[in-house]
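Each of the next two complexes has chain A plus one other chain: chain B in the first, chain C in the second.
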Partner chain A sequence: MVKKYRNFKEVGDAVVIYSDNYINDIEGEKLEDLCASYMERGFTSIVIDFSETDLVNSIGVSILIGIIEKVRDCKARIAFSGLKRVNYDIFSIVGLTKHIEIFDTEEDAVNGRVPQEMVTS
Partner chain B sequence: MLQTELSLEKLLFNLNTLAELGEEITSPKDFTRVVKSSLYMVMGSFSATKGVIFQFDQDRGVFAPIASKGLGDVGGAFIRLGKEAVAALTKHNKPIDLKKGDHPSEVLGQAAELLEKLDSRMLACLVVKDELLGFIAINGKFSGEDYSVYDCQLLSVMAQHISFSLHSHMLLMKLMHKYNENKGLYENLRRIYYDTIHAFAASIDAKDSYTRGHSHRVSAYSAVLAREMGWPNEDVEGIRIAGLLHDIGKIAVDKTIINKASPLTSYECRELNSHPVVGYEILSKIKFPWKGIPMMTRNHHEKVDGSGYPDRLKKSDIPLGARIMALVDAFDAMTTDRPYRPRLSFGEAMDEVKANFNKQFDPDVVQPFITVIRKEVRREVDNPTIVPLLQEQLDSVSLNRMLEGFPVA
Partner chain C sequence: MKHRALFNTCPDGEFFGRVSEIDCILRRAAADNKPAPSILLFGGRWTGKTEVLRRVFHNLFWGQARVVPVYYQFKGYGTVEDFSEDYLKEVLKQYLAFRMREPRFVRDGISLDKIEKLLVDNDMYELADIAALHREARKSNDASAALKNALHAPAAITRVSGIPVYMVLDDIDLAEYQGPSGRGAAVARELISSLSSSDFSFVAAASSKRVLEGNAFGSVEAMELAGLDEELSSSMMTDLCRQYNIESDTDMLRLAAFRLDGNPMYLKSLVWAAAKSGMRLKSLKDFADLYTQELFDGNIGFALRAAMGLKSINDLRVLHACSAASAPLSDEELMERFRFSSAEMREILNSLSEAGLVEVNLGSVKWSGDATIKDFVYFIYETRVKGRSIDEVRTYLAREVLKQGFDFKGSRINLKLANEVSDTVKSFNNQKVLKVLFRNQAFNAKFKNGAYKVSADRKEDEELDLPQVVGCFDTVRLESGEAGPPILIAHGFQNGRYDSGSEVVWIVSVKDAPAPVNLGDVDNFLRRSQILRENFRAARVVRWMIGKDGFTFEAQKKIEAEGVYSSDPVQLRIIKEGLVDPDGASRLRIAEKIVPVKEFEVVLPSATKAELVAARAVEEIGTEMGFDEVAIGQIKAALVEACINGFEHSRNKAAKVFLRFVSSVDRLTIHVQNGGVDFDKPSSAAATEPDAALPRKRGWGFELMRGLMDEVRMEKVRGGAKIVLVKYLVKKGDGRNGQEV
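Entry: the complex of A and B
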């Protein structure tokens, strides 16, 4: 069953969250709150889609790392999709690309299998 | 991405972060928010998952956490450092790798244990003008990579930015502290000042058992009348003080004269009538923050027809404050018991005012006085001042009757 809202879409036990144009502290905190509430509700797969995001700054990176840590602490899965080149480069610079599943589309991210090393890391 | 491209991208990302950090620390946002954002910027730049900023709390002599991320509640994580440790950290302007035991991490003592509990890897001191204001502690990178020399240089620059923000905030806090301290001292002085004036008023009234509270009533009546006449707050406060002190010259008059029930001799009359001038001489030596107090005191027994004392001034030559006080002083004298006669009723007192309209009392003052009484009787004011102090009940019907035929100014 798929439920689509303005900023997120629920697909079974997965949720796709659409991040805003610019992830600074305020937007980052909204994302953090949204992810936390889905984990509390028992969703086991979080996909953040960055298709509409033009820029992630260092505060945004810090918040995204915090989200990744919390999702993993809950033994849930997190994946990114729709990254623009500039954002992919930023994630590369800070080393995130080596530690997170990144897909071209949200569909791939929702359906993508979690590599074994990710679950246990 | 090629290594050279990555380096260029990294350089641009870090430059952008430094620009944003500069903007953040000079923004008018709430300080807590600025510090939090600054910490997030540092952590984002190095993909650190845990971080904390400590600030030196001068009151408690400890370094207290003012922002943290990824560490849960660190509210109780205080760090105490000895003088030597503070001196060593102040001199050291490079980030310290705690894992590698970089110098001068050996001076941290027990603080090192706490930082280890917080999973801290890098420590950057926040120093301005040889003063250790605090430090930033962050853990290892999320990516697992080691901190490079370049990372240390970047962390050092970011720490300098945050130091300036912290320094400005601490200066502002010191300034606020001083301001509040001075404000408190000023309030104390102001209270002492008022208490002294009230004590003077009480001592004046104490000379005559019949006039107990007279100065306070003249003060309150004058203030409410001045306010009705549109005086600014500062001047209303001035006439309130003048009302309290208007009879201060009576201190120099023999108590037996003040309390004498029989008619006064000419000598006694001269003695009693000297009190406005004596009061003026006392008060003119005091530098009041309000204008006109000595003259209001001197001229509160003048009459608009020029038959008053001590200067026999006519209407426009008498200060307006003194004309206000002349009316309320006489009104209170009439409506309270005296050694030589019982009090007059409000109606009788107003008859006297009517009889002396434009002779003793200024019409420009009598009319607003009547307005105040009417407003108070009709309960049009929140805090009535005059009517509650009269020893009789007044209603609108009887008031209209009493004020009938009052001359128009």
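Entry: the complex of A and C
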């Protein structure tokens, strides 16, 4: 069953969270809260879709690292999708691309299709 | 929980800037190599030296365990024995305070007997012996033994305890005034001998660097604490005006900050006075009224009166003469003018020198006060010596303040362009450039609307050999009283030959007014340069006119006919950029490669998501320049990081971040400057994380900038720090922008 809301979509035991246009401390913390609440509700797969995100700053990156850490601690799965080139570059510089599955589309991410190495805008 | 206060400091909300100085002293104090390098912090009265030292002490007391900090402020004492006891008491009780983590010992006055008892109770017998030795010396009236014992106590403690003492010495230049007349020199001598010990290090504050002269301190680094820079001091005033609900105008606060030399005490006093009297700081008149009121009857006047401690009307006469003189006066000249005996003169100069108002060196007496003290001296001299009424003097000073304020804006701009010209000629370095960059009329014809037009006249493609400039100065000394735009003289040698035949002088006129150079300006320049060239008969003379707003048609015609070079700011910027950049030099010799440089400035207020304004601005600029979407994304992300860093490291909440975008032929350069301290340094932890572990969470800002841009530089500027980000339009050896990450 698929339930779609403005900022997220529930697909079975997976949830797709749509991130904001700019991820800074405030937006990052919102994402963090959302992920935490879904994990509490028993969702085992979290996909963050960055299609609408133009920029992620370093504070946003640090919060995303924290989210990945928490999701892993709960033995759940996390994946990113829809990354623009610059955001892929940012995650690559900090070394995050080695630790997370990155997909072209949210559908691929939910279904866990083979992640592609490089996403271009 | 213990009350952590040590010495009195001003509230954090009223302390601005100085973070880099405090950081630097702390780094030196707790450095691994022992003894740490010593520092002399010098600066005028009320520039915040005591506040800096006390904050250093507080940080060392609570924040580390490598050194034992001891703060001592020199003040006047009746006898050398009194001074010795005071010094020794502070050293011993602060040592105890640090070892026992008991700040009360720092704050409270404790007798030497009590300190000795505490040392014994805590099994510090060898240190208790130092106190006992002092008692014995006093009993036998042996002042020099007491002095030696006290001043060498830090070295003795270091040896006994194994932890180095770090002395924080305030007003060290007053050391020579401890004890009765004539004994101060002995104190100063012994102090220098104790500080030269290699056992411990120190930071000392003084009103000038003079204390270092001729003294064998060993290795001491001098650090100047000038007034706060213009940006920081106007931010400080903005913050204070907000705190005290005073209506203010940004330009007005900037002017006040400039007029008061960025002196924190003056700036605060002015704001407090406005709050107290319910006045605003919105216009020049508001400032002039408040300033004169403060000077005559307010906190500034009161503080100056107490600090100057003028003993007689003769002190005032000498001080006034020194403050009004444009150059140092000789003591003989002063003696003759005021009919003083040499003993009287010596006494007056000692007293003024002790107050930090003049510097006396080999018979030369130099004014060392600031503009506010000068105004204060003028006020008391005119009222006390000349008998003028307070209102009369106040009116005169207010009028002067208004006039200076009026000139303020213009003079700052003049300084800016003249400095740019001076920097440009200094980077000539025997390079070659296209002549068209020095011929405004031809340049405009060729590059109308920013596009290069092919011309049949190949004269424009001729090159000009620039000299090696050895010095650049203004002509104030050579033509005092001359009207017209400032003229700079650049003296150098042509063709790499340093002989008389190759000597060349560039006479450069800089018109920085919002009006083009006109025929009158050209005539003025031709006349003045004709007179000026008499000073440089041996050299070949080249004349160059620079107009901020270009040139009128008639002016251009005459300039061409007279063989004078002419440039506008666009040409100047191309020359400057090309000369300082080794890759750019060739560009200055090929007309097709010359593209006018464009500059944009953006000031970001401290507000949520203000960095996005910068990102939007750079998107526009980048698109206009031809960067592709990927490169623009990278520049935006890097710029956002630089802005966040700038805000994070600004000293106060209201601080702004200043951005300058320079788009040139092959690159976009972005200068991001704050009014605070250093930006984050590149993290060194990157390489240490094991592959399996997630990356560290914090400290990615600088690495992101470096990864996304082609060049990232950090530059220190007065009162702040600057990040310079560079992105090349077409990367060398690469067809696309932003491909290599």
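Operating definition for what follows: the second predicted complex is superposed on the first by the 112 of 121 C-alpha atoms of A that agree within 3 Å, B and C clash if a C-alpha of one lies under 4 Å from a C-alpha of the other, contacts with A are read in each partner's own complex, and residues count from 1 in each chain.
By definition in this document, a contact is a pair of C-beta atoms (placed from the backbone, for glycine too) under 8 Å apart; a residue touches a chain by one contact, two chains touch by 3 or more.
Note that this is a predicted model, so its numbers are computed, not measured.
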* Counting only touches as set out at the top, which of chain B and chain C does A:L83 meet: first, second, both, neither? -> neither
* To do: Could you tell me if A:G95 is touching chain B, chain C, both of them or neither one (first, second, both, neither)?
  => both
* Would you check which partner chain A:N57 touches, where first means chain B only, second means chain C only, and both and neither mean what they say? => both
* Asked: Just chain B (first), just chain C (second), both, or neither: which does A:I65 touch?
  -> both
* Asked: Counting residues of chain A in contact, which comes out ahead: chain B or chain C?
  -> C
* Give one of first, second, both or neither to describe whether A:Y22 is in contact with chain B, with chain C, with both, or with none. => second
* Shared chain A contacts, counted only where both chain B and chain C touch the same residue -> 57-59, 61-62, 65-66, 68-69, 89-90, 92-96, 98-99
* Structure fact -> Note: in the complex, chain A contacts chain B through residues 25, 28, 57-63, 65-66, 68-69, 89-90, 92-96, 98-99
* Can you list the chain A residues touching chain C in their complex? -> 22, 24, 26, 54-59, 61-62, 65-66, 68-69, 84-86, 89-90, 92-96, 98-99, 121
* Asked: In their shared complex, at which residues does chain C touch chain A?
  -> 608-609, 611-612, 615, 629-630, 633-634, 636-637, 640-641, 644, 689, 691, 694-698, 700-701, 703-704, 707-708, 741
* Partner chain A, residues of chain B touching it in the complex -> 1, 6, 9-10, 13, 16-17, 20, 36-37, 40-49, 69-70, 141-145
